[in-house]
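Presented sequentially are two complexes of subunit A, the first with subunit B as partner and the second with subunit C.
This part shows the complex of A and B:
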């Protein structure tokens, strides 16, 4: 009996239309307002942030459903039936909850098309973020149904959208300092990521998630109880869960929202791909793997073809801090805080710079006064490996440096083939140990011993 | 008088006044200019959505039998309602400090009223607010302090007309088109049954 009514309510009530509308609006916003997401966590948090919009919509959908009997002018007729109100409204409450839950998941699935690719990092911390969001949607729709049945006016639903949006989106951003959001912001369904966008390496603490989920569950319980209550006394009792929930959840919330974002240790672990080319990168940067494959394959193949003892894997260093020590001989180290910020061609040049060895901190000079001949020598080695001319002057590459490079490359190419290889190999060995010595002379001087 | 009662004018008027009062109260709390303009927009949105409900009478068949020329009456209804919203919101500027540029407020009220009228024609009076509410809430995503509204190309300015600064011409054009289209179609066709 119950299942049959539920099926009818799902088909005949507002549930389907509201679910579709919320999912469509959500997918549109998630696609339109952000660049592609670099991890599932980033997507899940932005979906929660979008609740500033979807939550008031769910609230209004609930309210619109809640005044259905009044609108159809059957409220009095139904009140005369012996079937208790709670038995009568539970199926429709369940139908609306199923609809918004499905809308939330459809929204996530639809917006997953806006991920970098499906290799992006999926951390365990993403699941509670999504689950809490789904719970918030159910709380919204039940609260809306309760408000709709308490204030059965056609103005209730549109006013709830506007008021909800003002309350969730506009007022907090106007009244609160974004750098010091108090923990009680977790009473709101939306969730903003850490300041500075550390989504890739951070996760939301279990305690903050739990306190928020508890509060939302209390909100949902109050909404459902208010909606199902037929007498004033039961309505008063229905407010009880929200009070209990607040009493437990508020003290458990962090002092500042930002302090609840904690480091995700698994995210920083370096993992290697199994297939060719072998690339090692921090787990949270796996979105860039797809992008790195082409240049990495070409760099490794070029080195293997032209030099002995070529490296067999690429290690991508994404930390901002300088790397410690020299990489082992079988590893090509690429220092790139955001690998996808470079074009594939730039990545190839960077990988082969200095014959595939990172620059030595003791030789490269200061940032404002770089050692030009050292840098030029490294570029010449890359150009020789690629059998191409050095890139044109632009930005920090000055005309004079490009001139040195072109001369040196011409001189190097004028040598016999075996000698060319030996010279580049000498440069690579010197780079490996950061030995002193002019790199251009190593490549071109007629008297330098290999 | 009967016409006004049948069109739920008292409830609409009360809702409009409540919106104006809420706007005035918020004006006391918010002091940055962007926030004030945003709140003024939300106030205008809430007040115009209140019009929607009154755009149809309780009995469509009964209205059809009346020997009244409906189009002028409907046009007068929607124009007066929009003017009332504008007056109520402008009155808050007299009572306290001004919330938003008067031209911007007039543009938004006109455009939103047109949208409500269009909503009534397309969706029916009860569902009419869906159109302006959805459009505004989506456009607000690109308004400060959440985002920054686009300044070009023109079609993006027109799509986000309600969050544009007062001197954006394309936004004004969009609002005027919506207002005219709303008034004309509502006067000609009336609310959907």
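This part shows the complex of A and C:
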């Protein structure tokens, strides 16, 4: 029969309406306030961040439900029934918990439509972030139900929305230096991500997450116990979980929230696609795979068609430090810390720059005085491979390089077809070993011909 | 429709009266609303009459176990309230319609009565049948699946009666159940009362003396928290004697005659 009553409560109490409202507000905020999420971690953390809004809503929904007995004036009738209050409130507490839990998951599912794509990285550390959020929602409704039954006024619920928002959203931003948020911020249900947004390579430490989850579980336990308590003495006892929870959780919390964001080793591991074209990239960048496929396919196909011993896979180096080593011969290496920041055509040009070999640090010149002839030579190789004119000047490639390129490309194309191929191949070999020598001369000078 | 009968129901009663109050005093707020009441009631329909403020509602609330006696004793189904007693077991045997009957507006009538049946700790398997029976008995079969908030005042009152009888209580307490009922519904209600009274101790508080005369086997008249008359309806009618007092029926004249005599004695 408990199940039957639970079903009635799910349909007739505030549960359904509150769940829908929270899910709708949450999905809206998650869609409206952020660019597409590049990993599940990023989405999960932003969902936790929106708890500044959804948590007070759940609290208020609980409170509105909690004053039902008083509002409906059934207290007299219910007081004469044998079933004790602690049993009586279980179905409605369960209904509200199920509603906000479902709302939280629906919110996540709905906002997953705002993921970059479904290839985004799902790290193991994401699951505890979501689970802790769901726990926080349950704590909110139970605490709300307790407050509603203790303070049965129509004003309780609206006041809780305002007070909750002030406490969770306004107060921390007024009082705390965003760079030095203390670990006790984890007493709040929301969670802010790593500074600088390193969601792709960082994860929340298990210890910090556990301490927060423990605290929230204690909060939920106190809420439910307070709601179920019929006598003042039981109400006093209901505060016990919160005290025990705080006593254990607070010392376990990190000194600063940011220090709990740690490197996700698995995220940095390079993984390769199985299908064609073969692309290898750090696991956490898997969101970019879909974007890279077209240019990678075209680059590999172009090289295979035009040059001997063409590479068979694209390796994307996402580390933004200058690339020092040389890739193996079968690998086309693309240095791109943020691959989706380029247009697909830019990516193609970058992949084929220097006939598919990364620039040599010893030849490219100083940052403020780059070697324009070297840069031009690499671009001409790409233009010859693509059989297109070089793009407009950008970045370190200045106008002077574009002039050199146009002349060199014309000269290269004037050579016999076999000669053209041999010249570009020479340039590639030189790039592979970072051998000295003027790249424009390699492509065009009559005396460099073998 | 069959239902299982628990051993508790078929057990012979080992007590003298279903409800017995001795020197009962019950506080309502700061006032002693029931003040030294001696009253014994058995199976049957007991009409509880008395002027406003006589202590009718306070008496019913104390029998419903909402209020604790301040002094004296109140014994229900052989158990004396207070101290170490099986309050939970006793409450399973009570049906109660409060004067102000609150309900959950969003629930359908069937759901609400099911909810009350669950709170009365009825066996799970019996609940759907018992709920249907209770709804049928108050004549709301066609409204069973309507939301409570859509019911008219009279229907709400009948739904209140249905929730009170859903557990086949041994003590049924109805505080002004006929308020809001139309004449036709009152006639049906009287018939229901007579039927219930065959195996239940029903205590009905009302201002309508004719209801008592027509449907009750016993009349209880209280004033200022004390019993001033108890007898069968015929005794009430006879109490008027030959005098033509206030009232349109013999029972009403009897009621006013008893009240007048009581006031004279007090003075």
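Please note the rule applied: the second predicted complex is superposed on the first by the 442 of 450 C-alpha atoms of A that agree within 3 Å, B and C clash if a C-alpha of one lies under 4 Å from a C-alpha of the other, contacts with A are read in each partner's own complex, and residues count from 1 in each chain.
One rule holds for everything that comes next: contacts are C-beta pairs under 8 Å (C-beta built on N, C-alpha and C of every residue); 3 or more make two chains touch, one makes a residue touch a chain.
Note that the structure is predicted; figures quoted are calculated from it, not measured.
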Quiz item: Looking at the combined model built on subunit A, do subunit B and subunit C fit side by side or clash?
Solution: fit
Practice problem: Using the superposition on chain A described above, determine whether A:408 touches subunit B (first), subunit C (second), both, or neither. | Solution: neither
Quiz prompt | subunit B versus subunit C as contact partner of A:12, first or second or both or neither | solution = second
Quiz item: Who does A:76 touch here: subunit B (first), subunit C (second), both, or neither?
Solution: second
Quiz item: Thinking of the overlay built on chain A, is A:68 touched by subunit B (first), by subunit C (second), by both, or by neither?
Solution: second
Practice problem: Kindly classify A:95 by the partners it touches after superposition: subunit B alone (first), subunit C alone (second), both, or neither? | Solution: neither
Quiz item: In the overlay of the two complexes, what angle sits at the CA centre of subunit A between those of subunit B and subunit C, given in steps of 10 degrees?
Solution: 50
Quiz item: Taking the superposition as given, does A:153 touch the first partner, subunit B, the second, subunit C, both, or neither?
Solution: first
Exercise. Based on the superposed arrangement, let me know which partner A:29 touches: subunit B (first), subunit C (second), both, or neither?
Key: first
Quiz prompt | Least C-alpha distance (whole Å) that remains between subunit C and subunit B when both complexes are overlaid | solution = 12
Self-check item: Residues of subunit A at both interfaces, subunit B in one complex, subunit C in the other
Solution: none
Self-check item: For the subunit A and subunit C complex, residues of the former touching the latter
Solution: 1-2, 4-5, 8, 12-13, 68, 72-84, 88
Quiz prompt | Touching residues on subunit B, where the partner in the complex is subunit A | solution = 11, 15, 29-30, 32, 35, 38-39, 42, 45-46, 49-50, 52-53, 126, 129-130, 133-134, 137-138, 140-142, 145-147
Self-check item: subunit A to subunit B touching residues, read off their complex
Solution: 25, 28-29, 33, 53, 56-57, 71, 153-155, 157-159, 161-163, 165-166, 169-170, 173-175
Practice problem: State the interface residues of subunit C toward subunit A in the complex, per the touch definition above. | Solution: 61, 64-66, 87-89, 91-92, 94, 96, 98, 100-107, 111, 114-116, 118-121, 124, 127, 163
